[in-house]
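The two complexes that follow have chain A in common; it is paired with chain B in the first and with chain C in the second.
After this line comes the complex of A and B, so read on.
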């Protein structure tokens, strides 16, 4: 039990370093971006007038509006796939693998790839998906196809395949945690109350893991919405989602436009997170 | 004769470990049965086999005359109460208690009416809309019991159902449960390691050890006539002696032990000279300074005295180093001093030969 009372001076002092860091590394840059996105004129400096013209221009463009919708659709699809896969993996690991050693081994096999950076993992998919890549070689070797399939690399399919592998752990991890918290006696009690296994899952197991599912979905949502690297590397320059647009504008030295897209993207992510928090109170996790 | 439960030659192994070995048991209509034994003796595994939560390797389980050995838990006419109560944390008390009826597809109106009745009967109607997290141990116990009883099963299986309660609550809850069992006529199978629970509640007490049934009978039968040295030693207040039959004369046998040789009644047994044998004497039958006519006497030294109010218990050391207990009425003045030598003895009829 901590002897430091909430709202006392030591409590504030303890929060100070992290608070300063967050202010300098997150809050200030975000405010700066917001400010830049409102700049009028053409000069690069603090003397510009404040205007909404940049936003008006952005939203007047139908292809940009379509890009927002596209990004959302793509993210929702990824959430659905990683959600189902992740839950299945979590359920298998916690409920079906009886031996402790096997569970640890499988769990490690599952998470060790995640010790490398997301960028490296995204790039690593390129030789897999290419026309002469591992997948095509295997498919042809097995006689399933005669010619290499070209839709893997530089396509939405390829991006989705890579992202599913990158983000399933995020959907799965919180569910593993929640499932492991459920005492076995709850399932048994439900069964002795005449609930067959499907009903036990629907009425007892799933509702108790719901916070884990939602947290996993939020993590996947935020990651996929912001993931420009995978889209860039695997999509080549053929495919772009909202975060790639930021990069495009930035490389074209269109700072105002880059800031506008950044703010729009941040707003989208905030709205998504807010909706998720309405479904489940994260603070109740683990109680 | 119809039985609520018949267990026939049940056997259950986990790898090389035998958890239940050749257990057979019959439970008549509306009986209160207690499975009693130390932890790891197989009592809980037996109960879980009856519930269908474990699959036995051999043997049969019949509930109400129907063989259910291959049936899953949700197809058996049972309900179960778990040691940790196993309440669903996300359901209100009302929803929780109604769960069993919901699974049986009762229409909602009828179900709500029945749930309201049961909540009232178990005095938990005040908490109908609360979740288990905000209830006390005693209240949770009532919710768990109501949830199990509402479906009126043929058998209620209880796994250490009051073990998680405060000591002061246990006695009240025990009396309530016994009354409830009598009134409803549902057979209770109660697993416990606490002999007070077993002997005060059970119509039938089944003492288990090392995966086997050591002895089954009414509390009186087991307390007055333990059949094995384990049962005698497990039941409080017995002094157990191991030895060899030296001599049998009419209705009495002489048993030689490390602490001397003693005369015990043969009862309905047929001990043969030379055979290994054990017997026990209850602590309250021992007396200090035994009269001349008693053939069983023993020089001991008194180690400590424990005073329980109703009983004064002397912890004595036998010549072979083993410990013996002697109980005296608490209201009488103490007849032995701690740390003194004491000769004790008992009348022949106080000895109980095992077998």
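After this line comes the complex of A and C, so read on.
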């Protein structure tokens, strides 16, 4: 017994405002984007004929197709880097740090920047990456290079460097959670049965953390696929990925084209998430 | 090699990795803070050309072109409004989830969608919706509408977690003693979960205050602070932006600190009957 009866009218009434709000602000807009992407004609309004011509035009352009591939490649690379880095950090924090106070301190140092503005964190990379930036000053100061290297700002390298710092926590957080759930006795049992540490990790620890790894990878995948901001600010206008194309079309008042790219992006994200979820389920059946 | 040596080597390796990443993550933020105190002739990178509060003074005495005060005011108001609505709706929907109504799983995923859906697409979709309905976008109407869909799911998750730890035997006791459900909720349930509600409110505030992908499409001519910063960034990067960044980051840090303290105090008090 609690202050709310199961399946009572108040339960529905309490859920209604939030449900309507989310439906109106998230589900409806997504459906509208899908609808607009199918509009023929030129006017803005519900009277347009429905056609696939916008999609045909988009996929006929080789450079747009290349952009989809590029976005995927960039995202996969980020997933690999943040995945390895995030797992290493999670393993260290949970399994290797013995003192509670140290663990809390390190974890806070890891997590706090996540709560500050992503915009500011991206801007903070600019003084680092420029031709006269901190990295180049340090490299020249140490005598590693004589002239400033221009590969950092306005480049894929710079974007990736900033994104690694922004998204590693997402790959790591779920793994931290899963690692903390593993009872120490499991590991001790395996060790007692004379399994070497490498085998304990491969056969016991890693399989148990796999759901966390996959969830982290999905979070990084979704974030990087849709991250127009870091690409725009650190890449200048020289680099564009799929989400930047949406913005370009939108600013050029080409709503249909922007909607097409949005639907393509949504489809990519859904497919990626779907594949990831299958990986977890298959593993669950196996063990 | 003995496995104990290998294990120690692994610890050293992972420790270096972790500390290295933490430095990597924090250095830009500290540099930003340091550079915001550079002299009046200081640029956007080192050398600083002296130490001064010049760029903070610029913020306060700004001209019309790069005056960040009105956007700041709007952002604070908007964040406060989002925070209040998030609180109310988050408590209502978490309480509804306790009522295990038909479709509560679907409802859970609907709210989660607000976190998972990319802001860029949500903002773009709401902009289209506004145009179809003939609504002029403005920071206090359409932007407010879309921002709550971003802050609410986080508040909802916080409240779900809080109600998970909540001991409903306390409610049962009140109900058995003859209090009706509304009184019980008001006098027993709400006071106990209040720290969580405040946490959800602070959460909602910072999320709204920093939001830009959704707001970008829906705020109309009057910009919020992140949008004003983005506009200035498009024109020129100045140490003034570093000053704003530092001030904003400090504000967020204060909010996080408050959140942490609340959660700690919650952990100390809410361990009933175990």
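Convention: the second predicted complex is superposed on the first by the 265 of 287 C-alpha atoms of A that agree within 3 Å, B and C clash if a C-alpha of one lies under 4 Å from a C-alpha of the other, contacts with A are read in each partner's own complex, and residues count from 1 in each chain.
Here is the rule we use: a contact is a pair of C-beta atoms (placed from the backbone, for glycine too) under 8 Å apart; a residue touches a chain by one contact, two chains touch by 3 or more.
Since this is a predicted model, take the numbers as computed values, not measurements.
After superposition onto chain A, the modelled positions of chain B and chain C are compatible, with room for both. In the superposed pair of complexes, A:128 makes contact with chain C only, with no contact to chain B.
Once the two structures are superposed, chain B and chain C can be ranked by residues of chain A touched, with C on top.
Once chain A of one complex is fitted onto chain A of the other, the partner contacts of A:105 are absent, as it touches neither chain B nor chain C.
Once the two complexes are overlaid on the shared chain, A:17 sits against chain C while remaining clear of chain B. When both complexes are overlaid on chain A, the residue A:271 reaches neither chain B nor chain C. Look at A:73: by the touch rule set out above, it reaches neither chain B nor chain C.
Looking at the shared chain after the overlay, A:199 reaches chain B, while chain C stays out of its contact range. In the superposition on chain A, A:189 makes contact with chain B only, not with chain C.
Least inter-chain distance for chain B and chain C in the combined superposition, rounded to the nearest angstrom, is 7, based on C-alpha atoms. Residues 196 of chain A lie in contact with chain B in one complex and with chain C in the other. Looking at the complex, you find that chain A touches chain C at residues 1-8, 10-12, 14-15, 17-19, 21-30, 32-33, 36, 44-46, 85, 88-89, 91-93, 96, 106, 108-110, 112-113, 115-121, 123-128, 130, 132-134, 137, 164-165, 168, 196-197, 222, 225-226, 228-229, 233, 243, 246-247, 250, 255, 258-259, 262, 265-266, 269. Chain A contributes residues 183, 185-186, 188-196, 199, 203-204, 207-208, 287 to its touches with chain B in the complex.
Residues 3, 6-7, 10-11, 14-15, 17-18, 21-22, 24-29, 31-32, 35, 44-46, 89-90, 92-93, 95-102, 104, 107, 110-111, 113-114, 116-122, 124-129, 131-132, 145-146, 148-149, 152-153, 156, 168, 171-172, 175, 181, 184-185, 188-189, 206, 209-210, 212-213, 217, 226, 229-230, 233, 237, 241-242, 244-245, 248-249, 252-253, 255-256, 260 of chain C are the ones touching chain A in the complex. Interface of chain B with chain A (complex): residues 51-53, 72-74, 76, 78-80, 82-84, 86-90, 99-100, 103-104, 133, 147-148, 151, 157.
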